[in-house]
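Per-chain residue numbering starts at 1, and chain names A, B, C and D are given in the order in which the chains are listed.
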Amino acid sequence: MNSFGRIFKVTIFGESHGESVGLNIDGCPAGLPLSVEDFLADIERRKGGTQKGTTPRKEDDLPIFKSGVFNNKTTGAPLTILFENKNTRSGDYEKQRAVPRPGHADFVAHQKFGGHEDYRGGGHFSGRLTVSLVAAGVIAKKLLGDAKVTASILEIGGEKDLEKGLQNAIDHKDSIGGIVECRVTGLPPGLGEPFFDSAESLISHAVFAIPAIRGIEFGTGFAAARMYGSEHNDAIEDMTGKTRTNHAGGIVGGITNGNELVFRIAVKPTSSTPKEQQTLNWETGEQEAFSVKGRHDLCIALRVPVVLEAVTAMVLADLLLLEQRIKRLV
Amino acid sequence: MNSFGRIFKVTIFGESHGESVGLNIDGCPAGLPLSVEDFLADIERRKGGTQKGTTPRKEDDLPIFKSGVFNNKTTGAPLTILFENKNTRSGDYEKQRAVPRPGHADFVAHQKFGGHEDYRGGGHFSGRLTVSLVAAGVIAKKLLGDAKVTASILEIGGEKDLEKGLQNAIDHKDSIGGIVECRVTGLPPGLGEPFFDSAESLISHAVFAIPAIRGIEFGTGFAAARMYGSEHNDAIEDMTGKTRTNHAGGIVGGITNGNELVFRIAVKPTSSTPKEQQTLNWETGEQEAFSVKGRHDLCIALRVPVVLEAVTAMVLADLLLLEQRIKRLV
Amino acid sequence: MNSFGRIFKVTIFGESHGESVGLNIDGCPAGLPLSVEDFLADIERRKGGTQKGTTPRKEDDLPIFKSGVFNNKTTGAPLTILFENKNTRSGDYEKQRAVPRPGHADFVAHQKFGGHEDYRGGGHFSGRLTVSLVAAGVIAKKLLGDAKVTASILEIGGEKDLEKGLQNAIDHKDSIGGIVECRVTGLPPGLGEPFFDSAESLISHAVFAIPAIRGIEFGTGFAAARMYGSEHNDAIEDMTGKTRTNHAGGIVGGITNGNELVFRIAVKPTSSTPKEQQTLNWETGEQEAFSVKGRHDLCIALRVPVVLEAVTAMVLADLLLLEQRIKRLV
Amino acid sequence: MNSFGRIFKVTIFGESHGESVGLNIDGCPAGLPLSVEDFLADIERRKGGTQKGTTPRKEDDLPIFKSGVFNNKTTGAPLTILFENKNTRSGDYEKQRAVPRPGHADFVAHQKFGGHEDYRGGGHFSGRLTVSLVAAGVIAKKLLGDAKVTASILEIGGEKDLEKGLQNAIDHKDSIGGIVECRVTGLPPGLGEPFFDSAESLISHAVFAIPAIRGIEFGTGFAAARMYGSEHNDAIEDMTGKTRTNHAGGIVGGITNGNELVFRIAVKPTSSTPKEQQTLNWETGEQEAFSVKGRHDLCIALRVPVVLEAVTAMVLADLLLLEQRIKRLV
C-alpha cells in the first residue's frame, strides 16, 4: 500500500513528528553514481522556505544512506534512505486530539486506524513524507537518460502573476491553491500499456499520492471535451511519430507517442488556513471554533512542482526499465 | 499489465476482430449468485446503439461463463467469461495497414509491438474491450452492499442539452466529446490508503484504462485551485463524518470520509470523425488524405457512463474486500 | 492467487467437469511463432494414457486460441487458450457429495468455499488443470533460448526399474508415488535474487503448484545435510563460473551460477487407490467405507515430468525477461 | 524482489558490513503492542553464540523503531526497524576481492551486479540479514492468535545427538549441516489456495529465502514417494477435519486441513570451513589455495530454527489476514 512500481519499486515511510521519514527503493540498477550532493537541489526546491507564503519550518534534510550504496554507487541491493525530523514541536497535539482539523486526514485516520494512528502533525499522512518522494525522484531522474522532466506553476489563487496571487492570500488572511504543469521531453514512443497500465493510469496513480491534488488532465484535457474530433486529432508528420499539434499530450492509446508529455494538476488551497473555522469535537459531540496553530504554508502549490517531477520520474523510470525487456522478438 | 486489483483481480483480453473478448476475475468470493440475466441491463447500456450518434454495430453480447460458476453461483475459483465477436468485417484493414488513423493507437501499437499487433479495428486497443470492463463491473457492483454507483453525462460537445450537442455534431459532420460525472452513495469511511494507494490514485488508475479519457477531477476539482482554504474545507458535522459541504468529493487524505464520492471525467471527441484528415503513410513516408470507413460513434461519451461505473465498482469492491481484514486489533 | 510470474504472468482457470480449462498469459513478448502443433508433443506426454498405470481418460486436448495470437504469432497482447472438457462423466458426484475422498481436497475445499465449490471430479482442484500448466510451459520453453529443460522419472514405488515398480502396484492393487528429477542446461549465470526471490524460492513456489508434490531438493539436497563443508563446496574452475562438482545444483546465494540446474521432487502416491478406505460422511458424522470409482492413475508421477518442465520453464522465462532490464549501468 | 507477502508485506535491506540492516513491514494491522523487549528472546536464539560451533561475533542487536510505532503500539502505517552493525571488521576484504569463496555468493554477485556489489562479508547476501527476518517473525507471531510455530533441530552432521555431531566437526576441522523441523499447531483449516498460492508454495518460497537451505519436505515428504496410496492417505475422523494419521503434514490440495503443519528442511554445511580449499583468482585466472579468515559458524543449522519459525510465521500471518476477507458470502 505504501509501495509503487513494478521494477523500480519505491516504498515510503515515517511520520511528521516521529524520529525520521524515509524510503526504500528495490530494483534500482547497480552502478548508478549517488551522493548526498545529488539530492540538495531538489530538496531545497521542496522547502520553498524562502518564499512568501511557505512555512518557516526548516530541516537540514540531508539524506542518510542506510543500505544499497557502496563506494558512491548503487549496488543493486535495496536502497534505504532516511531523513531525520529535527525540527518538531509536538506539545500541543495531545490537547487537540478530539478536534479534527477541517480538510485534513485527522478524522479519517482515526476511523481507519481505530485511534492508534500517530496523530502528531498529521503523522504518516503529513506532507513531510513528500521529502521521501523527492528523494526517490532524484534517483529516478538519473535513470531517464535523455528524458527531462520539468514542472512549473501556471497559476496560484487563480492568478497567473504569482506574486499577486500570494499577496491576495496574505491580504485575505486565507490560504490558496494553484495549477501546476508537468512537461517531459525526450521520451521514446512505446511506454505504457493499453488499458490498466496506460501511461495516464500510472502517472495519475502516482500523482494522486501527492497530498492536496484534486485533478489531473493530459494534453488538452477537459477542454478536449468541447472540441471536434477533427480539431483534436494530432496529425502524424513523420516516421518518428512527431505530430503537428499535441492535443494528446504525448500519449495515445495509453502509450507514449514520442511527442512531449504534457499534463496539469489542480492543487487545493492549504487546509490549514489562518481563518477561524468550525469543526466537530468528537469527545463533546459539539461544534467548536478552530484556529490553526503552528507553521503552515499559505499555498502548498508552491512546493508541488519538485514533488510532481519526482513522482513522474518514478513512473517513467519504471516504464523504461520494463520496456528494456523484449516486447517483441523480431 | 492487463490486470487490476489486489484481492478482486480483473484481467481483460481479446481483440476487436478476433474470435472473442473476455475477462478473468481471480479473488471473487464464493457464493455470489450470478446468471446471464445479471449482465443484460449494463451491457445494453454500453451498446448505446439506439441513440443518435452511436455506432449501429450490434453484438448479442451474452456472457459465456467458462469457469468459476456452478449452480448459478460463484465458486471461489477464478471466473472466466467470454463475449463472442460475431459482427466483424475485417476486409479493409490489410489495405489501410500503413496509414495510422489520427487519434488512434495504430502508430504506437506498431512501434511497441514491432508490427506483430493485431491491427484489425484497433485489435487489443479497441473500445470493444470495454464490454469486459462492464462485465467485471456487474460482478463488482454485487459486492458493494449498500453502496450505489451512478454515472451520468453532464454535457456533450460543450452543451448541457445533450440532444442539441449531438445535433450540432451531425450538422458539422464531426465527432464530439463530453463530460461524465460519477457519484457513489453509501460508502463507509476508511477505504483507501495514504499516498500510493489513495482512493483517488486507484480510481484514476482504473478510469484511465477506459479509452478516450483525458482528465479526472474529484469533488470541486480544478475549481478548487481558485478557492480560498476557508471556503474549500468541509466542516465535519457529526460523529459519522458527514460534512456540511462536499468540496472534497468524499475523499480526504486519500481515504473515503463517509460522504458521497463525486468525480468527473473528460472524454475526448471520437477519434474516428467523418471529416477528411491528413495522416502519414509509413510505407511511402508521405502525407495522405484519410477518411473514416466503417461504423463509428459520433460521441463515445454517450457509452462511457456504464463503463465508468464498472471500473469504479471494481476499485471499490477491491477496497471493501481489503478493508475486511483487520486494520486494527482493538 | 491463480497467477504466477512478474513479467511473464500466467493465470490458470477451469474445473475438471466444467466446460473447459484454460490459461491466460500476460507479458508474452510479441512476435513469437505459435501454432497448435507446438503443443501436441507435450500435451501427449502429459496424457500418459498409453502406459500401464495411467488413466484411460482421453481428451483431444487441442489448444483453442482465444486472444493474443494473430497470423500465427503472438501479438504482445494477453494470450488466452482454452482446452475443452469433452470426456466428462459427472453423474455420480452428487451422491458422493458428503463423503470427502481421503487424500483429496474435497474436505478443505468445502471448508474454504463454504460448499459453493464445484465438487465434480475435484473441480478447480483437479489434476486436469495441469494441461494449462503444460500449455504455459510450451510457450515458456520457446523463450528460453539455449536453455533446455528436461525432467525424468528416477524411481516409482521405490524402484528404479519403472516397469517393476508399476507391476508391484498392480499386484498390490494400490497406487504408488515416485521421484522426478529436473535438469536445465544452458542457463546464464545471474538469474534470481538474494533472499525472497531466490531461484530456489521461485522454482519451489511453482513446483508446489503441481498437485501431489511433497518435497523438493536442489543439487545434493537432503544429503548435503550429512556432508562436510569441504566436500560440499564446489570449486570454481574458470571465469565462466564452471565448477568441478555440482553439489549446489547450479544455484548459489539464490542466483544461478552458470552450471547445470538440478533438482528433484517427491510425488506422493495417487490419492485415488483401488483399495477400500475409511472416511467421514459429513452428513451422518459417521465413518464409512469408500471405494474409488471412475478412471484414475495408479501412479501420477508418470505424468509429472512434462508438468515439472512446464513450471520450471515458466519461472526461467520470467527470470530471463526480468534480467534483460539493466541490472547494472556499466 | 526483496519483499514478500500480499497483505503483511515484509521488505528486508542492508549489508553485512554496512552501517545497519533492517526491515520494513507494510500492512501490519494497527493497535498491536510492540516494544523492544518483544524481540530479545528470538534475537538471542538467532545469535547462537554461546554454543560450541557458532561464531563469536556479537551484536547488541536491539531493534530501533524508525516508523510505524507510537505509544508502544503499531499505528497501521509502515513499520521500519533498523539493527546497527557495530561489530564489523572489513580490512581484509579488498585484498580478497578477486578470490570468490567457494560455496558463497561472491562469484554470482559479481556477475549479476557487474562488480558494483558491496563485497565486504557477503554484503547484501550475508546471513546477517536473517536478523531482519527474525524481527519480522516476532511481529508475525503476534498476529497468529492460537497458532504456535516451533522449529527444532533433528540432526546435525548426520547425528541425532547434536553434541556428538558438533564434536565430530571440531575433530575433523570441518563444517557440517543439519536437518531442521518446523511444526505449527492451532491453525484453522482453509489457509492457502489451489495451485500457485498453495500453502506449500508460499512456505517453500519463504523458506528458500533463508541462506543455505537445500531442500524442503512436507509431512512424510520424500518417504511418501515410497508408500502405497492406501498407507499414505490420512483418514478424516470428524467434522473438524482431524485425521487419524498426518502423512500430509497438515496440507491437502494446497490448503491447511486443521491438523498440525509439519515440514523439514535440509541445511547445507557452512560454506566457510576451516579446511583449506581451492578456488579461482579471477584476476590471474589461476586456481589458488584459500583459507577462511574471520569468525564463522561450524554449523549454521544451529541458528536456523528461529529464522525458520520467523519466515513460517510471516507466511501464516499473511494467509490469516487474507482469509479474513470474505471467501464466501454465505
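By definition in this document, a residue touches a chain if its C-beta (ideal position, glycine included) is under 8 Å from a C-beta of that chain, and two chains touch if they have at least 3 such contacts.
It should be emphasised that the depicted structure is a prediction, and the values quoted were computed from it without experimental measurement.
At the subunit A-subunit B interface, residue numbers used by both copies make up over half of all numbers present, so the two copies contact each other through mostly the same positions. Across A-D and B-D, the chain pair carrying more C-beta contacts is A-D.
For the pair subunit B and subunit D, the distance between mean C-alpha positions equals 44 Å.
Taking each chain's centre as the mean of its C-alpha atoms, subunit A lies 25 Å from subunit B.
With centres defined as mean CA coordinates, subunit D is found 37 Å away from subunit A.
Contact of a single residue of subunit A with at least two other chains is seen at positions 1-3, 12, 30-31, 76-77, 112-114, 116, 124, 194, 327-328, 330. Taken in their complex, subunit B has these residues touching subunit A: 1-4, 12, 100, 102-105, 107-109, 111-114, 116, 124-125, 129, 155, 157-158, 169, 172, 174-179, 189-190, 193-198, 200-202, 204-209, 211, 213-239, 241, 248-249, 252-258, 266-273, 275, 277-280, 282, 285, 287, 301, 327-328, 330. Remark: subunit A residues 6-7, 29-32, 76-77, 194, 321-322, 324-330 touch subunit C in the complex. Touching subunit A in their complex are the following residues of subunit D: 1-3, 9, 11-15, 18-22, 24, 26-27, 30-31, 66-68, 70, 73-80, 82, 112-114, 116-118, 123-124.
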